[in-house]
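Below, chain A partners chain B and then partners chain C, in two separate complexes.
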Partner chain A sequence: MYAYDQYDQAMVDARVAEFRDQAQRRLDGKLSEDQFKPLRLMNGLYLQLHAYMLRVAVPYGTLDSRQMHALAEIADKYDRGYGHFTTRQNIQYNWIRLEDAADILADLAKVEMHAIQTSGNCIRNISSDHFAGAAADELIDPRPYAELLRQWSSFHPEFSYLPRKFKIAVIASDTDRAAMKLHDIGIQIVRNDAGAIGAAFYVGGGMGRTPMIAPCIREFVALDQLVTYAEACLRVYNRHGRRDNKYKARIKILVHELGAQEYAAQVEAEFAHLLDQGVEPPLAELERIATFFADPPFEDDAATEIDRSDPDFALWVDRNTHPHKTPGYVSAVISLKPVGGIPGDASADQMHLMAELAKDYSFDECRVMHTQNIVLPHVKIADLHALWSKLDEAGLGSPNLDTVEDIIACPGLDYCSLANARSIPVAQKIQQRFADSGRTAELGELKLKISGCINACGHHHAGHIGILGVDRKGTENYQLLLGGSEAQDTSLAKITGPGFDEDGIVDAVEKATDVYLSNRADGERFLDTYRRIGMAPFKEALYD
Partner chain B sequence: MTESPAPGTDTVAGVSPDDVQFRFREDEMADHAQVTVDAFLEQADAAAVRIEPGDDARALIPHLERLKLAEVNFPAFGDGRGYSSARILREAGYAGELRAVGDVLVDQLGYMRRCGFDSFAPDAPIAASDAEAALARWPHVYQNAADARRTIPEARHE
Partner chain C sequence: MRILTGNDLKSGAVVWWDGSDWSLHVDHAVDVGDRAEEIAAREEAARRVNVPYAIEAQRDDNGVRPAHIKDRVRALGPTVRPDLTLKPSDAQAGNWVI
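The block that comes next holds the complex of A and B.
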């Protein structure tokens, strides 16, 4: 994986020094909260309902064991012994004291990590496919391109005060595991007819209160023009994106109002101009970065057969592993969705364990998934039983990847000051309901996503089943949505009808799954059945 | 020398040279009368312009010959359109004074310098020592911009 050189380290160290100074000025009363706010936001420090929250960037979700150990130590030393992995492949700490924030950043800098641009109206952490460099179906590892863009977007002088936050995802496989088309810019690394590798740009997707699927605005950008094209996309947005209304300020609104074709034409003109300006880093830089992502020394002829006599183990293997490009290996997912837990939370002890397992079984590497789980990308099939035994013992062996128990939930009213309703208790009740009924396995792939308000941090628009917390005359109320997807068949979920109270929404989810089970054709997932039979039968079951 | 605008032209409330707190140019500061972008395009003798966030800096490109002072207004620090206006002018070859005015904060000086600004007239004065520290903060830069700084990728591959 990528390692800092003296330059990367110097930049992060400078940021720590700058923030230490800013925080001290705030603590001394030399800066008002109003003046301090934009500064702390550039460093991922939010003020929540009860305390400060610090969001740490995990570029494209990749961590080594040293970094995961450091995250655990921060949880122990400065928080309440927990961290929360997010849908942006980052980690958040919910109980931070301002006095400690600069020390935390310094601890992070020691392991080549930071909280730069994890909030604010700037280019945020670049996300990617959590199976990058491992998946059997990928064209090439997308992370070198993500790292190139990470460097380009860090402290960007022109694009640090954009109309709104800006999120970029990079993938390199036809299977989309990063919700690429629901980003401000989604990039798919592709091979063109001439056999050259380049990038397809999708611009103007997003969730929030006006969800949109990004249109493709250019099918192929040459690799030695990648940064220049991204710069052109951003400049058109920075100049013309709306600033009069925060809710219309994302690039999706600009692309929608101009039309994808007109936006693309403006980008094209800007791109042609910028090509003469020498903004592109030398191609040798991309090649340098790529060397860090070379394959680890996989064993030839690693065994592909395992003893499946233990049914619990066999179930976990079937549910939680993903095909690897190298025979004899798989990617193994550690579920952070134990029934009744908080989706995406991990204790310091669990983080330490995951770090050790990454070191012992996965070439010292793990990944944060946008579904708030952790992947060990390169596990020998022969090691799976030993790995699973250790996970199971630590309560990390839930065999529920992509099932109804693998719920994405935002922090909601338990933490977030913008929330209308709690997300976490609803997630827990739903998990419990299906764990009790034993239906989880029978339902198969079913992606359920919960947001505590219309900002959609829990991606409810993209859930096969989505739940949106709203405020109904001062009480928490939940709307049910069906039919969303964030995969390559991206679609936006539709609201079923009037909302439900907390227990009502759990019943409603169960009723929706009943409709699926009684209507499904062979091999159909919930989403497929919904797409075939439409909303009507679900409405009937829910409201009649 | 003070150029007074002809009667009836729309001079705008540009800042006066006295308001300029930091300047990174060798040439002498002249007191040009800043006019709006529209007025600048109409008045063949105008030499100074004030660019508001919604203005199109590109419209000035055919007239760079007579442009001596471009003042870019930041009514609120969070409105970053002025950064693009500045780079657009520099990329087009504008070499005259490029002044950032308005809600210009110490933490933005570094980015503004990189986008080509070479004079600053902040609404709220910035302590000289704070400005100096802020401008010296970043030992390196990742991106090519309007300044001549060698970038990290360039340093890695020379």
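The block that comes next holds the complex of A and C.
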């Protein structure tokens, strides 16, 4: 894992001191809310429905046990004993007091964490593949590049006031586990025909009000020009992005309006100009960063067989583990989706436990997934049973990864001031319905995603089944969408028709799965069947 | 009735104007009639409350009920965490919001 040097630490410490002074001036009445709001947002402090909310950055989702323990302590000491892991691999606290905010940032700084650039029109936390550095199918570890981009984008003076917020994801495998094409910039590390490693750039994707899949604007950028090319992409956007209209200010609108070809041409011109300016960090810096991501000391001959006689354990292994590049190891997913729970929420006790398990079983490392679960990336197969037993005992052993019970749900109207409708109760009712009927296993991979408003933090456009909460004359209403994907086969879900009330949407989801089960061909997932048979049979079942 | 709400400056807690001070309980809210803007401006200037605003509400046998669901969620707390609402002993308290 990356460790702060004296520059990183000095920058974060200075920001804490600056914010402490700003918060005190607000409390003393020397700053109005209008003056203070942009300052608190620069430090991830929002005002939500019930209290201040603090969003803490988890760089590309990576935490060590010391950091996870610190997050748990913050939950206990300053919040109400829990936190919420988000779809951007961050964590949010829902019950923060302004009086405590600077102390929390100081506690975070002690473990090399902060809340900088988790709000505002700047480059947000860089996200990545939660199996990075572990996955059997990756070309190289994308994290050094994600870290290089993190350093480049932190406090970048030119990109602190962009037309809108800006999100970047970096992956290094053909399987996309980071919704890469639904980011402002998606970077895939690739190998070209000549055998060289470089980066493909996808620019102008996003969800929200106007969902778009990012087109590839360059198939290969040499790795020693990665930052320069990213800078060129940002510069063209910063120059031409629609600052006049908040709803048209994201880069996806610019790329769409200019056309991918014209946008790419402008980026090329800027890139050529920047190559002369020497903005690329020296290779020595990338090499320095890469040393932090060296493999941990894996055992050479770790056992690859396990005793599968306990069916509950065997099910969990089949569902919640992912192939590792090293024989005898897997990545193990801790589900934060127990039936009836709140997707992505973890109590302080659970965070402490996950920290201990990361230390004992995964070389002191864990990852936040954008699907609101936690990964232990490097677990010895021989240790799986012991790990599972401890998780199961703590209510963290749900064997439901990528099933209909593994629902992404944004905080919705239970917490979020922008929401139209509640997301979490809908997720809970759907989970309960399928858990009770025992059909979860039969349905196989089925990604269900719920957002409480058009901002799409719950990725509803990218769900095999998506649900969007809307306000219908002051009451909650839910639109159903089908056919989305945020994987390598990225697609945008389509609305089925008129919306449903809270119970109606649960019935509608069940009906959609009935259509799937009665039409599926061998080996087809819900998404495959939908793509083959189209919307009509689903509409018929839902509305006739 | 028109009632006045905001968030406490220090804690961020949802508060309601009770006629002389800010209360955590929506049932304490009083009808501010056409004085909402005046009270809001005075209280915000005194740095006691953040972004106060007036809303429509009704008083019935069960107390004061804000007209919009968002303010009912604010008044109660998250419906999915009955233990953290202002009525923690009532697991069904969330039904009031709908």
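Note that the second predicted complex is superposed on the first by the 544 of 544 C-alpha atoms of A that agree within 3 Å, B and C clash if a C-alpha of one lies under 4 Å from a C-alpha of the other, contacts with A are read in each partner's own complex, and residues count from 1 in each chain.
By definition in this document, a residue touches a chain if its C-beta (ideal position, glycine included) is under 8 Å from a C-beta of that chain, and two chains touch if they have at least 3 such contacts.
Bear in mind that the values here come from a model prediction, so they are computed numbers and not experimental data.
> Touch test for A:R191: chain B only (first), chain C only (second), both, or neither?
Touch status of A:R191: no partner.
> Quick one: is A:R308 in contact with chain B, with chain C, with both, or with neither? Answer first, second, both or neither.
Touch partners of A:R308: none, neither chain B nor chain C.
> Which partner does A:P425 reach: the first (chain B), the second (chain C), both, or neither?
After superposition on chain A, A:P425 lies in contact with chain C alone.
> For A:Y415, decide between first (touching chain B), second (touching chain C), both and neither.
A:Y415 contacts chain C only, not chain B.
> Have a look at where A:L49 lands relative to chain B and chain C in the superposition and call it first, second, both or neither.
second
> Just checking: does A:T475 make contact with chain B only, chain C only, both, or neither of them? Give me first, second, both or neither.
It touches chain C, and chain B stays clear.
> Return the residues of chain A at which the contacts from chain B and from chain C coincide.
none
> Considering the complex alone, what residue numbers of chain A touch chain C?
So the residues of chain A in touch with chain C come to 26-29, 33, 47, 49-52, 80, 94-99, 342, 413-415, 417, 419, 422, 424-425, 428, 474-476, 502.
> Where on chain B does chain A make contact in their complex?
53, 77-81, 83-84, 87, 91, 107-108, 110-112, 114-115, 137-145, 151-157
> Please output the residues of chain C touching chain A within their complex, sorted ascending.
Where chain C meets chain A, its residues are 7, 9-14, 44, 46-47, 50-51, 67-70, 73-74, 77-81, 84, 94, 98.
> What residues of chain A sit close enough to touch chain B in their complex?
Touch residues, chain A against chain B: 5, 7-8, 10-11, 14, 17-18, 22, 38-39, 121, 151-152, 154-162, 235, 238-239, 243, 273, 277-282, 284-285, 288.
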